[in-house]
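In what follows, chain A forms one complex with chain B and a second complex with chain C.
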Partner chain A sequence: MGRIGVVKWLSILFFLIPVLFILVFPFIVMISTSFKSLQEVSQIPPTFIPRQPTLANYREVWNIIPLAKHFRNSFLLGAGETFLVLFLGIPAAYALCRFRFRGRGSYMVFLLFTQMFAPVVVVLGLFRLIAAYGLVDNLAVVAFMAAAFNLAFCIWLLTGYFSAIPPEIEEAAMMDGNSRLGAMIRMTLPLSWPGLIAVAIFAFMDGWNEFLFSLTFLRTDDYLPLTVGLFRFITRFQIQWNSLMTGSFLATIVVVALFMLVQDKLTRGLVAISEK
Partner chain B sequence: MAATSGAAPSGRRAARRAERRLFGDLGENGTAYLLLLPSMLAFAGLVIFPLVSTIAGAFSTSDAVGRITSFGTLANFRELWLDSYMPGIVRQTFIFAFGTVVLTVIVSFPLALILNQQFPGARLARGLLLLPWAAPLAISAMTWRWIFHDQLGALNYLLHLTGITQQNILWLGRADLAFGAVMFVEVWSSVPFMTIMFLAGLQSIPPHTYDAAKMDGASSWHEVWDMTIPQMKKIFMIVTLLSVIWAFRSFTVIWTLTQGNPFYRTDISVTYLYKLAFKNLSFGQGFALAFATFVLLSVFSILYTRVLRSEEMG
Partner chain C sequence: MSVVVCKDLVKRFDAALAVDHVNVEIKDGEFMVFVGPSGCGKTTTLRMIGGLETVTAGEIFIDGQLVNNVAPRHRDIAMVFQNYALYPHKKVFDNVAYPLYLRKVSRAEIKRRVAETAKMLDIERLLDRWPRQLSGGERQRVALGRAVIRNPRLYLMDEPLSNLDAKLRVQMRREIIRLQRVLRTTTIYVTHDQVEAMTMGDRVMVLRNGQIQQVGEPEEVYNSPANIFVAQFIGSPAMNLFAGRLEGNAGGVNLVNALGRFPLPDSLTARLASGAAGTGGARNVMWGIRAEDIRLVSPDSATPVPTAPVDLVEGLGSDAFVSLAVGDDTLVARTRADERPAENERVGLDLNLKRLHLFDPQTEQTLLI
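Let's look at the complex of A and B:
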């Protein structure tokens, strides 16, 4: 036992702690840089801990980068994807979970298939249509695309959460005169709300973190979400790293906070998918 | 069930009547199809149609905005074949996809073994582990770009402080280092998910497996090698195959870190085809490479489902 104890502590000290340090390192740098002045980020040698910490970036970044608009657009993408995923995913997941219909197996394979090819392939094929119909700078298009690529995962998650609700509850509701769908809406949906919230947040995070579709189909600053907005800032101007890192930190903290709320539920759901 | 059998049929009949009022006489199959219809329409319009359109584009000539001008030619594939950058792109794609997955496994598996133990701070460690997975990848990758900055970046400063080198290394300017950097950031972003999957696999192993072994005097090394790894085989296969597929389609890290620079030496097929179409406006070649990438990933998908099936049988 003693020897195993030593191995355990050595592995924590020499493997776990260094790896965790690397995993959180960018976030440390992000926060540290956000408290530095432009003069301090441009000086050689650099510093790890801000020598003269300042909150000025958090005041001024809103004027340097159109951050408020980017926040609004990221929020719209997140909310739009959440709505679409739930609207399209709940009926599909319910059907997969409760009905033994013809073609069920093929539909499951098809869901897997949608996860298997690169979104870039679809971007190329869709581009001429988007351009021809003047759908550039349309956030709804991006939300739809992101939702379509995240839908399979969300249907799997929802199926898992629905199967945890015993069908007998619905049968009881049907005996009270509810239709099958009425029973689903009155009984199964309310009972599975923790799962629904986990899926909603998963979809919101996916929309918030979306990059490729926004990069291709959104062009004007007014319509860019945070990811592409901050990326444009990097490529277009003389980079002000302090402003960029302030915006990055603000963009990150929102999803990380949301993620923390549903972390356990979500990871358990994802694990259940992989075991299926 | 027996106790309610008297009341059930009339209740069910009422329910069926109500359902018929709502949906007509669709029956089990019909109701299911109706429920699947919205998602099917979304997939058809946003996934299948563009895919077919890309495949058609690969065998056609296209103008500068990607419109097909004439169908039925292999010219795009020929041009792609003659493209002097292509051999490098193919090599980089495979090294990137398999390399990042192998490295991610090498980090994630020991990490999961450690996190599966009890120790003070284990909960905090698991929380921190998931940060890179939750954060927007484009934004974390830009932060890495700042860390790799040659003069002002944290990495070179760290190397100066520890006395490893006093030079300002051009992490993203030299081809070999830049390729290493994009692989590193890809691994950084993939470790959390894989570790959580491995951790779940470890936790599903019944603890008495180990108790029996301890009585036989097995060492902790044998414990891992002889018992944990075989038990983990299924989850291991699934997670690594899925990761390979995700690595092949990985776009964000490369695009935000290097955009394939210098000289296409950090490009992989998905970033290169994006450039072919949207920078060079050679949509035809872009379509052709997209088609080739699609075929490649389909092969992996088939492999993936085969493995899943055979694991379920065995």
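Let's look at the complex of A and C:
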């Protein structure tokens, strides 16, 4: 083994594995806890591998809180934000990337500025506004707010993807008989497909993980997403760790599954694009 | 087949004037070449004709129809781009067939016409490939196929050969000329390469800083350049150009320069614009001569000839360019390779005075009509 081989193995041993352990540890605890009874969770010293593994949590968690509804709401938030971000972001990014107009540069910088506000700074003001319009307990409002705070970043991302497509391809399509819109839909969008997927995933995750606006703007179980729904296992007197972790695990697994589903297509799309 | 007319065409990008009152008429079936250095406005003019660029002022007519505000897809023009602009997510067949798909041509008809076009351009074996699998020359053929299949009324070509290597460029140049001779569709071709302009065009339009310098047949532009810019831009090597003086007397007009005193032949005197040097007074001029109009002779011939030392000899195989030191200037002459002199040798010069070019040093315009 050469010197470089030794350095490689040492760095894996002393750096990568510890870091990996730190990263994975919460997930291991989450999975382990989800198979324990509440008693075993509060036992000292704690157990790493459940002594009496049980599936009871997976049965009961659906009844303790309306988990199915929370799932549906989280999904709606994710899908709603994805739709809004793509629907508004694609035309915006396209225009910023293809058209030269006065104030284009400063508009791009302005978009960045909107990303620098922490949502928590404006959440009280927004709540008063929303309450005044009687829009409390409305999922669409939350999706809209989350999209608003995410849109600028997604526009930047999309601008990058669009500007990688030579404008001549669109121009050729326009000479061949397309309108500008047609050229965009038939050429630029399919060619920047991996970028669109990446932005869509990003937006969906943002909606799925949305917490602050949901906590503030939503009241009743019917509308709460997973993030806030699970939060209610943490009460003043007790934290129901086993149920919380079961719910968290279920919530995580959905996103991971979604990712794996799309990843294959994503890499294939990237290969298709690299043909240039 | 169609006629294109540009009337006082202007394009402004913010403060910069890219196209400055261009007036030109491109005739039916003509191969017109727009040529000039980069940034001269040739591509912008082409893109305005294609509808890819808005018109700041002026008018464009195609077959008598004002098209300023007509969308590109309604102009019935096909365009070939420098980077080919093939659709990377479509196979060659679909690239070529794409304009027909958009026109809702029937499947059978599409198949027939693609086969026909592929045959003409020799891309039949490529139809099932992706654009990424093609070489530069093949891509350009496919791009040509996509333009040809539509049978449009006008072709626009924006430096279609400049991404190809030298050998392929010459070959594709011939194919485009051949194609245009067969199809006889009006074609506007943009290039910065004066060799392409000379070899391809029925007529050539030379542009600089957005302004037309000269429009004419290649020979006309080459033999009678309208100004110093055209004289130097067209032709390789560039025309030799020096300061000199015209002096008129009873015997005729003489050109006086660093090499000596040369009586102008009658044919040239006749072409001198009236009121210029005429036969009387004297005036400063810029005079030019092309490399092939200088013959190298023995320095000690019977009649005295101007002489100059050879500075550098560049062999081309068949020919050689000989750089001669004339005062502080360099004069380039073209000779056959087997007659090339040695460097530092002193040679005699025989200037073909009938082929002399004379320009006004202030306006830079030609003095010959």
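Note that the second predicted complex is superposed on the first by the 241 of 276 C-alpha atoms of A that agree within 3 Å, B and C clash if a C-alpha of one lies under 4 Å from a C-alpha of the other, contacts with A are read in each partner's own complex, and residues count from 1 in each chain.
As a working rule, a residue touches a chain if its C-beta (ideal position, glycine included) is under 8 Å from a C-beta of that chain, and two chains touch if they have at least 3 such contacts.
Fair warning: this is a prediction, and the values are worked out from it, not measured in the lab.
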| item | value |
| --- | --- |
| First (chain B), second (chain C), both or neither touched by A:77 | neither |
| Partner chain(s) touched by A:241 [first = chain B, second = chain C, both, neither] | first |
| Of chain C and chain B, partner touching more chain A residues | B |
| Contacts of A:42 with chain B and chain C, given as first, second, both or neither | first |
| Which of chain B and chain C A:143 touches, first, second, both or neither | neither |
| Touching partner for A:199 - first (chain B), second (chain C), both, neither | neither |
| First (chain B), second (chain C), both or neither touched by A:179 | both |
| Which superposed partner A:169 touches (first chain B, second chain C, both, neither) | second |
| Chain A residues contacted in one complex by chain B, in the other by chain C | 174-179, 275 |
| Chain A-facing residues of chain B, complex | 4, 7-8, 11-12, 14-15, 18-19, 21-23, 28-29, 31-36, 38-39, 42-43, 46-47, 49-55, 57, 65-67, 107, 110-111, 113-115, 117, 119, 125, 127-132, 134-140, 142-147, 149, 151-154, 157, 160, 188, 191-193, 196-197, 200, 204, 220, 235, 238-239, 242, 245, 248-249, 251-252, 255-256, 270, 273-274, 277-278, 283, 286-287, 290-291, 293-294, 297-298, 300-301, 304-305 |
| Parts of chain A lying in touch with chain B, wherever the complex brings them together | 3-4, 7-8, 11-12, 15-16, 19-20, 22-27, 29-30, 33, 41-42, 44-46, 48, 84, 87-89, 91-92, 94-95, 99-102, 104, 107, 109-110, 112-129, 131-132, 144-145, 147-149, 151, 155, 174-183, 205, 208-209, 211-212, 215-216, 226-228, 230-231, 234, 241, 244-245, 248, 251-252, 255-256, 259-260, 263, 267, 270-271, 274-275 |
| Contact footprint of chain A on chain C as seen in their complex | 50-52, 71-73, 77-79, 81-83, 85-89, 98-99, 102-103, 130-132, 146, 150, 156 |
| Residue ranges of chain A in contact with chain C within the complex | 166, 168-169, 171-179, 187, 190-191, 272-273, 275-276 |
